[in-house]
Structures are given as structure tokens and as C-alpha cells.
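Read from first to last, the chains carry the letters A, B, C and D; within each, the first residue is number 1.
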């Protein structure tokens, strides 16, 4: 309805392969970014920043990581949380053990550690597919958490592996206040999301999707399955790793390996199912959904509805609703909220026509 | 750009081209959707390419005064060839790309063509097929080399190769082309367009640079066109309308023409480009509206309500708002809302958001259709003209739009009416001559130098010209009252289920008609009603369809009864034809005008049946299929009577 | 040596229980191609429902907790609940997803896991409960006296129950009409359909049987470790078993279970001390993964050829 | 029309292929020469697709030699075959369902794209230049196969005939020297078949591509192929020009015997 595309013709391939080919979308995106960077820090309170916006961004990044692997390259993983743990502990150790380590370099290195571990646990993908692979990734989930708990070196010998994030200081600016943490998180996440978008719209992304959609055909046109899958594992794990580092440094402050458990992996998987498998924007929509849903439920059940629902049921409502939503989305809209958004957009572009 | 002509007057197209290349070299002159994007050529590039083609043609032996046949879809390189030919003082002869071989042969022979630039293999094949009949043809240049690898004929040459030759030639003798351009004069013939000829063989209309430049200048100033306009060039290049809008006006005003990717993608391409200036015959607008309505029928109830509500608002005040007439505040608000919710998006989906001026011509446009476009804020206007007048006689001025007139005489044009009502025009845009037909030329121009359009019409009280019919078609019923078949047929055609109609009545007691139903519209209607049918012939003879058409004709009759001059022309009997009238069968011209005489001969038995009071008539007709095969369609056609109305004497015609 | 045997036998016995859970997976996978991650949640649901009924029944019927009447009534009610759950799952969740890629079906069962957990705890509460089947978890005196081996009587009996269950199911599948139909379906869905086997009917039966197996597993595991949320994780124990044994093979599940059970315990005892213990969480997975690299189709799985 | 054939491109010598105990191909030998259109025909289950799979490395025959461009070929994976200029289409369309037509065809050029994912991450600059350069080539293929109007359509939404054409486009985008077509006209109507025939001949003619094709429609095979191999139950029962094969009693037998 608000799209006025007539006259937006493309006279070059650059223009034709833009991230947002429609001018209205470009404007919308720039406006959103301006709002997130310039307005939000001034209007959002502590609670919103720390309990909603920062975790949404961080989980969104982790979900993006998983989406690269699952949504684009078609390899299901149930070990995303473990790769987050590698990123967090990796960053912690680089900060701890190397004097004057810049934080941004440390999270980069932490991410690279996660990528390396990702490649290792991605190796079975060469031989096995589908849920066999999913089960194999559980090995990573359990093994990595166990290693981090059992080997005190990783947590600088703290009890039960808890680490406390060091102070973050970049170019003399202290990132202690929620606003600053939010801005740093937002910057890192925006940059990484952009890089991911670039990858998926070029040859790298096409190879992933080719492997996802039909691996035999992919191989026949010259795509090397092993390389492509491992690359997806590495990049996906890198994203999860960075998300893990941000999770520790920008969100919680102190984390233990057990915090990166299977439940968290599932949560991230749910984000992409609800948000949209194979959609970068969907990762963030899904993260927002999963972060906000308990908040909303909390409000609802401590408010009016709470009086009519037994306490046991209320406290388990989150599980039931999550479960139902997953089932609902997989049956009704396997491509999640992102697809719904896309459909709505299509409708708006065609308005007033139905098709 | 080496413009050696200096300050010389911009009185030929080559000089205009070189002028644009010098003053706005980087402005886009042409775009073509090719390889997925709009390949853009600026004026400097266009000039360079035109030079190359011109020099290449010269190298082939093309000389001043030679004719160059140009056959193909709207492709930049064909437009360039037109310009290149003009540079050399040659005469481009435009041919319809869908012409069958023998039609082509006639024109090629008539114009004594030695050189031809054609689009692709298909056209080359056609040329080669008729080669024995056209001994003059020496060189055929093709634009698209696809599939041409194994053609060994030495007369064939790729346009790329020709341009390469031309570039070398231009480099070696850089003065040659400038000198040729300098030799050009305003009253040189700039183009030959063949009239489709409702009677007899087509005639080559020779127009001068001066004529088309005058027409372009007048139109440009009339509508304040600038170099920033975008136009979509998708109508046949051989049609005078395309030549005026896409070539002459673009060359004069310096705006951009845009060539669609292919016939199937015109609608998408239209939407992408979003032209600011648009020209189409009424049937294009009609098809668009039909699609709009059909698509809207699938919409949900709420959406349909919103749509019809705001379309109501638009009908009430849209045209007035466009014309700048006073409109109440509440209507204005509603229209604004409607624009947000319906008209804006609708125009956008149709690709018409950016249109400043749109014209239609070539046939009468239905008032509902016309009003629809104007009411949603598209400045659609009508113009009137012929090939012989560069399609430039009357234009509707902004703000003075009348549904049933074609506007006021355009700048530089003088219009007067002959005693028999025939429209006579004079001005710089008149043809120089019919090619090799001094007889015809003399016949069409009267002793005062007026061109006799052959159309009958009159001026209303505001000085707007109204067209009734072809002057020669206007006849008399046996009771002596006027019979204007076109007028009746147009009224029938405004009815969405009727595609074509042919009315008879000259020297008869009453009026009868042949009807062609619109297969798409009626088919849709039948589907909604749950009627099964097998193709056109079957659908056309169904009871329900007959009564549908009869209702329409009754409406027309009621309408005619209101007009004192026409009340005797009410249709008494009609039949629905068993086949669609088709240009391939010679029943229509290429511009889809009815060839009355031919039809009267071909379907004489049906006409007799109409007047003899028969209830049905058997007929067998030969047809030509798209692939060139011939076949026969036979059917027994039903003939039905229609209710007529008593004349309403009270209302006086203007 | 005795110690080794003791560990080995202990491992094998718990392996039988892993196999029991894995059996639930295999049944459903064979019949409908669904890798039912919710099998663990079904175990939890079954145990919790059973315990829940034993708690509320005395109030309704007057049969005291611990009496045989209460036990069997609760058992029947729990079994009925499992059947309802199974059929409902098949109807509501899986039928709309027929012909979807297996990975989607897998993910939907993860959602189902959460749903079942939520419902179970929502109805019966989240606190840990004991479950007494009347079998003491004490060493078998005979073995302790004569071989100096500590083998739990409970484990032994549980393994016995499991074995009886295996044998019963095997016999049922071999000799009943439904069993034959089931095997036909497992071989080729299309072919089964074309000879008139009512696929949906079969699926309902299989989900019910899987519910029954889950109930037995839930009772045994629940009696051993308490009825609590952690019962869900029995699924995680069963997964490596499946990878090892193959998703489609009942004997595979049993042998895989035994191998995993034994090797896990042995590794914990002999390898654990060197790396700080707690390795049974991941050891089966690593073992299964390494195995996969050698034989991607599992011990008893069928080799799959990609047709192009 | 004088067409020039060149050297032997691929020479298959005594190829035998088994799956477990099942013999798919038994002792089959034939060669393909440069620029020709070579058809493989035979009843269902004759081993035609297996033959293509052997040529581009999807299957590895247990016995026999493959001489590719004069060199004895070692066990080769499909991607290696692709890098040596072998492209193919599949009997059951094997397009990437989640991508647009354009992206599908772009994947056909993956071997020629040299930038790494690091370039792609940054996109602007080298990666974009490369992307555009290959887009141009792909657009030529799109133009060649006349599928401009569906460029941005997700392949899943296309009718069958167009999907086949897109698959051919993807194979052509790789600029193959040897093109394997597995029943390119299966399931098409007459008009689509004619189009496809024209495209196959055009490819062969314009780019000189050597084509090996499996096809059921005998009329088509006899019309467009230069030489034909006939397989039956995994064995070669005929080889020669269409006319020779048509009159070969063994071939006639096999075809009559299998009610074709």
C-alpha cells in the first residue's frame, strides 16, 4: 500500500543486487538504524536495555549463527550454546592472559576459537546428514561444557568454572553503563549481520543453499560438499562464539559453563524456527519473540489472568506455549515470522489487488 | 561532438541529435531492458552509434535519397538506424514487424528498397522468402545475430559488423558525415510511413523533417515537456504515433525513450520504468482496466468495499480535482484518503504513478474508460491526427477535457469543416506527398492546400472538435436519415463484452450489426456463471451470451434514441460472429480498424440473412492460423431481434 | 577382575534400560519415519502421570497408596493417558506434516517435548516425587556372597522386565496381523498403502505402543532416580544408542544399548579418574560419533544409495 | 550443413558397474567425439542414467577404463568432473528449490568464481565486481534460453517445462565442453519439446558443445543425434548413426520385446 515502486528501475547490476532493492525499504532500514542508534539510548530505561534490547541483539546474533548453518547450509545443529561457550571462554582467556588485549580483538579471537571447534565437530557432517548429524552435534554440546567445567584452566581455576567478565574499555571509553553496552552490542551485531547478509547474497551463500537444497546436484556442478559444509560450520560457530562473548561481557557479566546448556541451544533453535529459517532478519525477530514472550507471560499471569489459572500451570505456561508455537509454526508457516512479514510486504506491494 | 553545422537551425533530426549530444551528452537518451537491467545509452553514445551506422551504410553504398526499410520491435538500434539513414539524407521506410511476407513484399517493391535493417532471424527469413519478388534489395542488415551463423548469403550483414565498418570509415573521413548532415534540409523527406489503407493498397506517406519537427515542437510546448520525461516505446515503430512520440518528440525535447525487454514483459517493464509521458491506443487502456477489474474480483469483501467506495468518490470528484475545478472540502478529504488507499497503489501497480501526461488516439475511447483513468488522477487526454498529419491535428488542453471531443486544434494547425462535414486541416505537419502517387496526393489535398481527412465532425460551442465517423462511411437509411456506422460501432464497443462490431444500414430500411464478443471478458463472465464452453465459436452461440449482448445493444438503442440525429439508427437485428475478426484474414487493418467493404463481401450471406428476417444462417469461413496454415470454420449463426425505443425529441444535439 | 565384571554387568543392565527408551524411538521411526525426540518427554509424562494418579486415587476410590489396586488402576489410567497422548500427537502434529522433510519432523518433536513437559508439570506439579514399585535397590545377596559382586537386585529385575517386554513385542510383531502390517509399512510406505494397509491406523497403534514402552521405562527409571524433570533426559541417553544401533533396527537398539551402557560405565570407572570424572554425559556421543565416521548407517541400519 | 567432428572426448572401455549384487552395467564400451550429439537410448532400467553417472563421477565402475581427453581417468568425484568441463542435467529435476532462477543459474558458475567468503563478507569491491562479471554471462544464458521473464521467480513456482529449461541454463552457465542431458524432454508437451530440441541444437552449434543425451522420444533422438548407443539390461546392443541403429535387428528386437 505504501510501496510506490513504479519508476524504480535498475540500470546497473549493482543497483539490481542491492540488499534492499526497493527504495521504501532502504528508507525504512535507515530510519530503523537511526532509531536504534540515535534515539533508543536516550529513551530506553535500564530495564529495557539490559533485560530486553541487549539480550535480543545477542540472541539474535547467535540465532543468526545457527541460521547460517541450519537455514542456509541445511545442517541442523543442537550445539549452538556450546559454541557460544567457546566464544565466551575464549574471549575471557585472551583478555586474561594477554596484557592490553583490545576487547574487539579478543572477541574476534574468541569467535575464531569457536570456529575452529566448529570445524572439528562439523567433521561428521561429511558422512552423516539430517538428524544423525543433529545428534552428533549434541556431542559437542555435552563435551564442550564438560571440558570447560572439568579443566579449571579455562576459567582461571574459579569454582565450578564461573568466569567474571573483565571491564571493557575501547579507546579509553569505558563500556560499563547499559547505554554504552547497548551501543557496543548493537554495533558489533549490526556489522556482523551485514557481513552475513553479504555472504548469503553472494557465491558463498549460494553454495550453502545449493548444498541445502540438493547436495547431489551441488556436487555435480562443482561445489565441494566437504569444504562448503565445514565453512558453514566454521562461520556459524564464529557467529555463535561472538554472541557468546557478548553474552558474557555485555549481558550477564558472570557466566558458568553450565549456563550454556542444551536448553539454551534449544532456545536458539526455537528462535530460528519461529523467526524464520533461512532469514537473517528472522533470526532477530525470533530472538525478540523468545525474549519478550516470557516477559509478556509474566505480566499476564501476574495480572488479571493469573487469578484463573492454577499456579503450577502458570509456571509451566512458558514451556507449553513455546512447544505449541514450535509445532504451530512448523505446521502452518515453516519459514516463520520472517515469511509472514514477507507475505505481508508482498500484499502491500500488490495492494489493492489480492495477487 | 563535432558539430560543424555550428549555429545552424535545428531543422532536421540529425542536427537535433547532434545538438543533444553536444548540450546534454550525459543525459539518458534511450534505455532498453536487456540482460535483466535497463541498459542505458546517453545522447553522446546514441550519436556515436548513429554515426557508426550511418557511415557503415554509406560504406555499403547507401546514397542520398535511397530508402532504408526498417523492420522489427522497438529496439534502440532500429531507432538509431532511422536516425542514421536520415543523416545520410536517406528515407527510412518503416514496416510493421508482424506483417506477413506478401504485405512486406508489396511495400518493399513499392518503395524500391535496396537496403533493409531488420531485427532478427525471423525477419531475415521473411525477407529471404520474398527475395524473388523484390529484386531491388541488395543488403539486409540484422540487429540480433542469434541463429544467423549458418546464413551464407553475402547480402546479409550483422549490425555490429556494419558499425565496425562505419567507425573505421568515420575515423578515416571524419568530415564525411558532418558534410552529409549539413546537406540536409528541412523539407527533405525524413520518413515514409505506410498507411494501413482501409481501402486499396497501402500508400507511402512522405513526411519531411520540418513536418515532424513542427508537430513535435507543438506538442512539446503544448504540454510543457522537458528532457526529464520518460516514455515507454512499445507500439509498432511503423505506426505514426510511435514515430511522433518515441522518435520525433524525444529528438526534439531530448527526453528518454525506454524499450521493453519483450512483448510478454511490457506490463512489468511499464511498472519498472513508471513513465512520465505515455501514449497508447484505447484498447491498451481498456485491457488494463479489464485486468484491474478481474483482479479486484478475487479480492476479499472488505477490500472490494473499500475499492468500490473510493472508486465512487473518484467518479464524483476525481476528474474535477484533476482539472482544478472547485470541489468541496469533504470530497477533497475523501479523495485524498482514496488516493492513499486505492488510487495511489493502483496507479503504482499499473506503472502509472509518475505519469504527467498520457494520450490516447487511433480510435474512439469509451467514456467510462476515459473517465476511470482521469478520475484516479491520471492526466489522460485525447488527440486526433492521421499519418498524413504526423498524428497531429487536435489536442485536448489540460483542464478542458470533454469525454466525447478530441480537443482543440493544436498549435500551428488550422482546422475547418467542409460543407459535407468533412474535416479539413492545414499546417506545417502535412504530408509532402504519397510516394509515387501524385494522383492520390492531389486527391487528398484540395485546391486551398487543405488535407482532406475523410473524417466527418463538427465543432462544439467551446471550439472542441467532435468526430462522428469516416466521411465516406456516413450514409443514409432509406428514410433519408443519417447513418454513421462507426459512431454506432464505437458505442457498442464501449460495452466491455463486445470486442468488435460492424453496423450495416446504408440504403437499407433499418440498422443491423455483427458482434464479436470479447473472449476474455465474456469467458470470465461465463466462468462465474458456471457456463461450460469450448472456445470462441461455442461460447458465441450460447443463449446466455446472446441475451447478455442483447441487453447491451438495448442500452445502446436507448442511448441512440436520445440523440435526434441518430434515433433512427437503433439496431433492430444482430448476430454474433462465429470467429474473431482478424487482421491476418484481412478483416481488420493492422491497427485493428474494420475493413468494411471486405467484410460486406465476405459475409454477404449473413447480411442478407439479417435483412431477410431469417432466424439463423449457416456459414463457412476460411481462416489463416498463426503458423500460416489455412483452415475452415463453419457454424450456423443465430440472428436475434432487439427492442428499440421511441425517439426522445426533447433534447437537442449541440 | 570381579570389579571389572561388576562394572560391566552394571553397565549392561543400565544399557538394557537405555535400549528400552531407544525401542520407543525405533518403533515410531520404523512406522512413520519420524525421529521422535519427545520420547524422553513421554517417559517423563508417563511416570509423572502414574505417580500423580497413585496420589490422587486414594481420595477418589479409597484404595490406599501402595496397594495393588491403586497400582493397577493408576497403571491403567496412565496407560490410557499415554494412548490418548500418542494418538493426539499423531493426529494433530504429525498428520499435517506428512511428506515434510525428516528434519522438520525432528524439530517438531522438539517442540512437542517442551509441550509435553509443560503439560505434565502443569497438571501434576513440578516437585520431585519418589516412586516405589516394591523392589528394593539392594545388592543381590547370592552374588554378593558367592562372587563378591555388587549387582543391584532392582537393576536385575528391571532388566528382566525390559527383556520380557522386548520378547513380547517381538512376538507380537512377528505373529499378529497388526505386526505384519507394521513391518510392511516400515519397508515401504507407498507399497503398504497400495496394498490397502491403513497407514494412519497403523501409526496410531505404533504411537500407543510407544506410549506403553515409555510408561514401562518411566516406571523403572522413576523408581530408580525419582520422578522428576530429569527423566526427560533419558532421551539423551538413548540417542547414541540409536546412532550406534541404527534407527530402524530393534536388535540394533538392544545391542546398541548394551554397548553404550557397558562402555559408558567402564569409561567412567577406568577413564574417568584421569580426566576428572563426569564423562558419561558425553562419552556415548563421542563413541557414537566415531562409530558413525566408520559406518554412517549404524550397526544394523540399511545402506542408503542416493539415486540420481 | 557441414559439421566438423573432432577427437574423441571420452572413451569408455569395458565399463561394468554393480550395486551390491545387482549388475547395472556390464562391459559397456563406446566413445564420444568432440562436437557431436550422442544419444543413449534403451528401455527403462537399461542403465542409461547409470551410464551418465559413471561419466561424471557420481558412480564409480568396478571395472573398465575411462579415457577422458586422452588421459586415463582415476577415480573421480563429481566436482572434479565439473571442473574438467562436464556439466549435466537430471532426469528428475535437481534444481535448488529455495533459490530464484537467477541464483540457480549463478551457482552454475561457482567454479569460475575465485573470490573467497572473506571477499563476500565485505562484498563491495572485488566480490561485487566478480558477481557482476558473472551475472553478465548468466544473463546471456538467460537470453539464449529465453527465460527473461522468470529471472527472479523462485524455481519452485515454475511449471515443469520451464524448470527443465532452467536446469539446462544452470548447466550451460558452467560453459561446459561436455554436456550430459538426462531425459531433457521427459514430461513436456510438443511445443516445449520443440523448443528444447532447438536449444540443444543451438548449444551444440553455437558453442560447439559435445552433448551426450538420454531420451525416450525416438523421433527426437533420431532427429537431433549424430550417433546413438542402445542399452538393454545394462548391456550395449547397438551403436551407430540413427539410421544404422534403426535398422539393427537386435535393437528392433529389444524394443519390440519390451513393448516400446
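By our rule, a contact is a pair of C-beta atoms (placed from the backbone, for glycine too) under 8 Å apart; a residue touches a chain by one contact, two chains touch by 3 or more.
For each chain, UniProt lists the protein as follows: A, C = Branched-chain amino acid ABC transporter permease; B = AMP-binding protein; D = ATP-binding cassette domain-containing protein.
Please read these numbers as outputs of a predicted model, since none were measured by experiment.
Participant: Can you list every chain in contact with both chain B and chain D?
Facilitator: A
Participant: Which chain pair has the highest count of C-beta pairs that touch?
Facilitator: If you count contacting C-beta pairs, the leading pair is A-C.
Participant: Using mean Cα positions as chain centres, tell me which chain lies farthest from chain C.
Facilitator: Chain B.
Participant: Compute the distance, rounded to whole Å, between the mean C-alpha positions of chain A and chain B.
Facilitator: 57
Participant: Could you grab the centroid distance between chain A and chain C? Build each centroid from C-alpha atoms only and quote it in angstrom.
Facilitator: 33
Participant: Centroid of chain C to centroid of chain D, CA atoms only: how many Å?
Facilitator: Spacing between the chain centres: roughly 49 Å.
Participant: List the centre-to-centre spacing of chain A and chain D in whole Å, with centres computed as mean CA coordinates.
Facilitator: 41
Participant: For chain D, jot down the residues that touch at least 2 other chains.
Facilitator: Residue numbers touching two or more other chains: 58, 90, 94, 135-136.
Participant: If a residue has to touch 2 or more other chains to count, which residues of chain A qualify?
Facilitator: Where chain A meets two or more other chains at a single residue, that happens at 13, 216, 220.
Participant: Where in chain B do residues touch at least two different other chains?
Facilitator: Within chain B, the residues that touch at least two other chains are 36.
Participant: Under the definition above, what is the set of chain A residues touching chain B in their complex?
Facilitator: Per the stated touch rule, the residues are 1, 3-13, 15-16, 350-355.
Participant: Which of the residues in chain D come into contact with chain A in the complex?
Facilitator: 56, 58, 77-79, 81-83, 87-88, 90, 94-99, 103, 106-108, 110-111, 113, 115, 117, 120-123, 127-128, 130-132, 135-136, 170-171, 174
Participant: If we count contacts the way the header does, which residues on chain B are in touch with chain D in the complex?
Facilitator: Going through chain B, the ones touching chain D are 34-36, 146-147, 149-150, 261-262, 264-265, 268.
Participant: Touching residues of chain A toward chain D in the complex: what are they?
Facilitator: 13-14, 17, 195-196, 198-199, 201-207, 209-210, 212-214, 216-225, 231, 235, 278
Participant: Touching residues of chain D toward chain B in the complex: what are they?
Facilitator: 1, 102, 135-136, 139-140, 142-144, 148-149, 151, 202, 205-206
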